[in-house]
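There are structures below to look over.
You will see two complexes here that share chain A, one where it goes with chain B and one where it goes with chain C.
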Partner chain A sequence: MFAYIMRRLAVAVPTLLLLIVISFVLMHLAPGGPFSQERELPARVLANLNAKYGLDEPLWRQIVNYVYSIVIHFDFGPSFVYPDRTVNELLADGFPVTLTYGSLAFLAAVLVGVGLGVVAAIRHNSWLDYLAVGISIGAQVLPNFVMAPILVLFFTLTWRILPGGGWSFSDPSFWIMPVIALATSYMASIARITRSSMLEVLGSNHIRTARAKGMPEHRVILRHALKPAMLPVISYLGPVFVSMITGSVVIDIYFSTGGIGKAFVESALNRDYAVMMGVTILIGALTILFNLVVDILYAWIDPKIRY
Partner chain B sequence: MVIEQEKMQRLATRMVEEEVKGRSPWADARKRFLRNKAAMAGLVILILVALFALFGDMLAVWSNEELDFSVMGQVATMGAPSLENGHYFGTDDLGRDLFSRTVQGTQISLMVGIVGAGIAVIVGTLYGATAGYVGGRTDQFMMRAVDILMSVPYMFVLILLLVMFGRSIAMLFLGIGLISWLEMSRIVRGQTLSLKNREFIEAARATGVSTWKIIIRHIVPNLLGVVAVYATLLVPLMILTESFISFLGLGVQEPLTSWGALISEGAGTMNYGTLWQLAFPLFFFVITLFGFFFVGDGLRDALDPKDR
Partner chain C sequence: MTKLFTTTALVAAMALPAHAAQPAEGEKLAEDQSLSFWILDAIKSADPQLTSSRTDSDMIRQLFEGLMNEDETGAMIPGVAESHEVSEDGLTYTFHLRDAKWSNGDPVTAGDFVYAWQRAVNPETASEYAWFMELMNIVNATEIVKGEKAPEELGVKAVDDRTLEVTLTKPTPYFLKTLSHSTTFPTPQKVIEEHGDSWTQAGKMVGNGAYVLKSHDLGVEAVLVKNDEYWDAENTIIDEVKFVTVNDQNIGLTRTLAGEIDWMNQLPAGQFPRLKEEHGDAVVAPPWACSYAYIFNLSDKGPEALKDLRVRQALSYAIDRDIIVDKILQGGQEPAYFWTHWAIEGFESPEIEMAGWTQQERLEKAKALLAEAGYGPDNPLQLTIQYNTSEDHKKLAIAVQQFWKAIGVNVTLNNYEWKVHIDRLNNQDFEVARYAWCGDYNEATTFLDYFRTEGYNQGKWSNAEFDKLLADSATSENPAELYKQAEQILIGDMALAPVYHYSQPQYIEPSLRGAPLENVMMSWYAKDMYRVAE
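This part shows the complex of A and B:
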């Protein structure tokens, strides 16, 4: 197991470095530097700016410095647009918010999705099954940026029971719509995957044996069916995590929740490359870490995997 | 024994012909597909949406850039959908005709979806087939590269690309094309691995056909089923990606528009009572995605009847 984790880490670290280097090189390939504006800056000013941000050094030197400060000091450098702010501050502002509603949405999607899928599989071809299948087909076409306005239309504009935007750590009513909007489509996919894998497992020999022994049905489901049925779901969690982080950008913009998505889109509109790269790298690191956890979890649950 | 020679002959020829004609797996698949109601409904929807995108402009009274000054400023009361003033879908908050904007958005979204899926088909198939067929070190290297690229948060990188190199349709195509082929190449590689030890490939190799030619002439045609199914399911994903970016205002730029941009506009103005601005683009978006998902699922069921 330990060797397996080490081997996965040995892939993860170069991946992250590659991501940093690629985004850095992209920034340099881009036409116009970070300081090119509509009004041309005087050459002296530009040279001073470049010197201040270390952009006058050779490219390899800059990359080494950038990677060094991230890896050793976890420092993403200064923002190119707001002279008094660092990328770290901008990230630290938004991260707790994103983490809060993101993890809630993740939990909601997994718990509701798995629950719905399991119930649908146990009551195969009943109205519950059809309802679950219907919901999961319908929710395929309801990604976060479609759910968000629909939710606001009903809960805020029509029924006036939930605030239409903003964020407060103390008042959960601000959390409800971001979580639902973010979770719905993944909840549906998880339900569909759970249902089909549960159906397959329920038809397998070891379940028949368990039933033939006279084991109570709830024990058959919980002890013998659920664990193998979870394998496809677990391997789907990695993509869900990535898409949810991506989706949080829409949530931050539409609900003005102020997570890191806001920093990202604002920096994209301002061409603040430092912040964009900071967000991209942070999210890349999280993604790689999460995939690592998922792989280890998978290897731990599935006895067929030899690592 | 009196056997009518002539009739016997006819029967024989018919039997031979029948055998020659046979029922190919493709004919079987077509039959199953035509019997699948959801898939047929999806196909009809897609044809209608495509007709709307192609010929909708002819029905439009207003162009997508014209401002209707008679409704400007009072869109909530005057800009509602109406047949009389030619705004079948109403107008947006600037007084532009939503019908022709929706036609244009449909054109762009469909184009992005189809081009994205097309790139995925070409690049992904060739890449995956090459990796799978050549095997060994090359395969390991190629697939490891795909693994690494897949663990990159692509939406962020795509936006990074769009911002740095200017937001244009061409850049959008390039960016979406860059990511769309990854999953396809994995699926194709898996399929190629199971194909490459079959007799007909062995025969081709034994007769001295070059590797490249085997891949193009013998491997790729046998992948068509999987590729077709996956491509159909990929189109809506590409449309989703583009709409996502355009919803954030980072995708297609005015005066061009797409479903994502229109939905974003509609969502921004719905509290002024102009719900049609959200409803019409959303309607087309939703039915098209449904159409593609149904057709894709139908194709998969038709080509792989075991997997029901």
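This part shows the complex of A and C:
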């Protein structure tokens, strides 16, 4: 197992490098640049700016310099659009925010989603099942950009109990709406996957055997059904977790959280090359890491899987 | 507490010159003197010489103070400079600075201005607004930006700590009006050298404005508190200013109506009439020095058809500006028949023929002109309109597409994200494009300069007579007359199809007073504002 993990991590390095090169080239292919603006900058001013940020060098050298400063100094460079801040500072400010509301939303989505799915499967075709399916379909058709305004309408405008936006690490009232808005539709998907997977497992031979030998039903469910039923859920959760903790542009814009979900989209539109690369690498690294975590969990849950 | 404030305010009103908050007699000040201001985008830079954004400037204006300030009508009033003299030939300005301090207690000296201005043009700073110093016509600015001369050779020097002398390459009537622009604000050399690029972060920043930066959570909010070292601190009433980022106008409006934001100075298009009805005087739409137009590509890369004046006239006549202003925008905007914003100081609106016609007359003339130019049902004119992604630009482009269809012109709409839009504009890769310009200072040349042959002028229109009028205006006794003539040439040759002059539909919390609604530049100073008790 240890050797397997080492091998996977070793493969991660060229993967990330490839990601950097491809993103870098694509980014520079897009028309316009970080300093193109409505009133065209005089050529000499633009030349000064390009020189300051090293954009006057050939592309391959820019990539080499970029990777070099990350590897040697862990320095992701200065932001082109926010000259007062470095990319490291921007990520250090924004990532904890999305990490906070993202992991809370993840937790909420998993607990509620798996709960609903399991209840629906156990009480298959009962009113409980219909209720759970109803809730999850309802939640599915409420994506975050619909949830967010609905929440604000009630909590902020009507009842005036939660702030309509902003962020504070010391005041959880700022977290509630982002968490609910982000969790809802994921929760629905998790519930659906759990339900169908659970139904399948409940019909399999080993469950029949367990029941036949007189095992109490709660033990059958918790010990023998839930674990294998979780396999498809977990493979869904890996990428979902990464996408949740790296934030959502809708949540970031709607609630002005200052998270990196918005920074990502905005940096692409602003051609803020350094910020865009920084967020891309962060998301890439997390994706690789959590895919590995999912694979390890697989082996732990399913004795048939061996690496 | 309230009583104390009332007394202070009274003293302020009696003792003070025109700038600073001045509650009217009998107005009772509120206990809470905080102001929260909506901004659409996060603050990009709080460095006066590095910023290129209007939003940033709104914050920087509270943190730093230049030689001059603007009052609530937009007139220039003394800032750090108490007085100034201009030499006979109009080339040398001497400023006498007041006894002002930085927020760390150091005196503000003429040397601080020299440092800041040299910093703005220094190629190493790579300021996006370096051109502003060139626009001010300061001696050697252009050469320094190009790297041909050292920054020390800039035409600005400290005669002594309290006397600043600026030399210009040519008389510049608008020179004083550039002095409230953030690029010209002083910056503290010691602090910048100590902290480098991060000197503008809360805790490190030192400024000479009425407020200091307390905290700045990027993309969420920046909090400014009163600067006790400011020379007029005793007359500053607002004690906390918050800049709240909300990246969407409609969400910003929701939070404003929920009471989280006091002042939102850009209401979403089309919402103004409803809000005005619901909130009365809290919702206003004063003029704002920006103009919206469709520009024609007259360069070699542009379509042949547009090189024909008759076609350009037909296209411009066919746009029903009243529909755009009254039915689509609905926020106090004015239909535009010329380029310079009508409310710019010292600018007299020119007589433009088409302004006097009815839309029916314009349509008939447009059809006739197109037919004359050889376009008709058998040979319809095909054009593309390019605009950048935005609901409002889209609505207007669709409307114009319909207006032009009515005279037999088929229009394809091309929508690009902002950076691509401007890249194509700058490379003359367009036929007709949406364009808008906001004045950098309150004088007509800030608009007219665009269409000089050497100006930004992305449509590459060029007219020697127009260029000469602008050049002559610098030394003219009566520049307003020349501007009027220049506008007539511009519209006579239909270099563009002006569409509307901006207003700034906004919501101001009713207890907030002193917003500079008569200043078309919309430059505001929290130190001149205050809140009254309900």
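To be clear about the criterion, the second predicted complex is superposed on the first by the 281 of 307 C-alpha atoms of A that agree within 3 Å, B and C clash if a C-alpha of one lies under 4 Å from a C-alpha of the other, contacts with A are read in each partner's own complex, and residues count from 1 in each chain.
The rule we apply is simple: a contact is a pair of C-beta atoms (placed from the backbone, for glycine too) under 8 Å apart; a residue touches a chain by one contact, two chains touch by 3 or more.
Computed from a predicted model, the values in this text were never measured in an experiment.
Novice: Just from the overlay, do chain B and chain C fit on chain A, or is there a clash?
Specialist: They clash: once the shared chain is superposed, the two partners overlap in space.
Novice: Considering only the touch criterion stated at the top, classify A:26 as touching first (chain B), second (chain C), both, or neither.
Specialist: first
Novice: So, does A:72 touch the first partner chain B, the second partner chain C, both, or neither?
Specialist: A:72 sits against neither chain B nor chain C.
Novice: Using the superposition on chain A described above, determine whether A:145 touches chain B (first), chain C (second), both, or neither.
Specialist: Touch partner of A:145: chain B, not chain C.
Novice: Using the superposition on chain A described above, determine whether A:273 touches chain B (first), chain C (second), both, or neither.
Specialist: first
Novice: For A:257, decide between first (touching chain B), second (touching chain C), both and neither.
Specialist: second
Novice: A:157 contacts which: chain B (first), chain C (second), both, neither?
Specialist: both
Novice: Which of the two partners, first being chain B and second being chain C, lies in contact with A:212: first, second, both, or neither?
Specialist: A:212 sits against neither chain B nor chain C.
Novice: Considering only touches as defined above, state whether A:3 meets chain B (first), chain C (second), both or neither.
Specialist: Neither chain B nor chain C is touched by A:3.
Novice: In the combined picture, which part of chain B sits where chain C already is, 63-71, 135-143 or 243-251?
Specialist: Only one listed stretch clashes with chain C, namely 63-71.
Novice: Where on chain A do the contacts with chain B and the contacts with chain C coincide?
Specialist: 30-31, 149, 152, 157, 253-254, 269, 271
Novice: Where on chain A does chain C make contact in their complex?
Specialist: 30-33, 35-42, 44-45, 48-49, 51-53, 78, 81-86, 89-90, 93-94, 149, 152, 156-157, 160, 163-167, 252-254, 256-258, 262-263, 269-271
Novice: Over in the complex, which chain C residues touch chain A? Could you list them?
Specialist: So the residues of chain C in touch with chain A come to 42, 44-47, 50, 52, 123-124, 126-128, 130-131, 134, 145-147, 197-201, 217-221, 244-248, 251, 254-255, 257-258, 260, 417-420, 422-426, 435-437, 456, 458.
Novice: Could you please specify the touching residues of chain A with respect to chain B in the complex?
Specialist: Going by the criterion above, the answer is residues 11, 14-15, 18-19, 22-23, 26-27, 29-31, 137, 140-143, 145-146, 148-149, 152-153, 157, 242, 245-246, 249-250, 253-254, 264-265, 268-269, 271, 273, 276-277, 279-280, 283-284, 287-288, 291.
Novice: Mind listing the chain B positions that touch chain A in their complex?
Specialist: 144, 147-148, 151-153, 155-157, 159-166, 240, 243-244, 247-250, 260, 263-264, 266-267, 270-271, 275, 278, 282, 285-286, 289-290, 293
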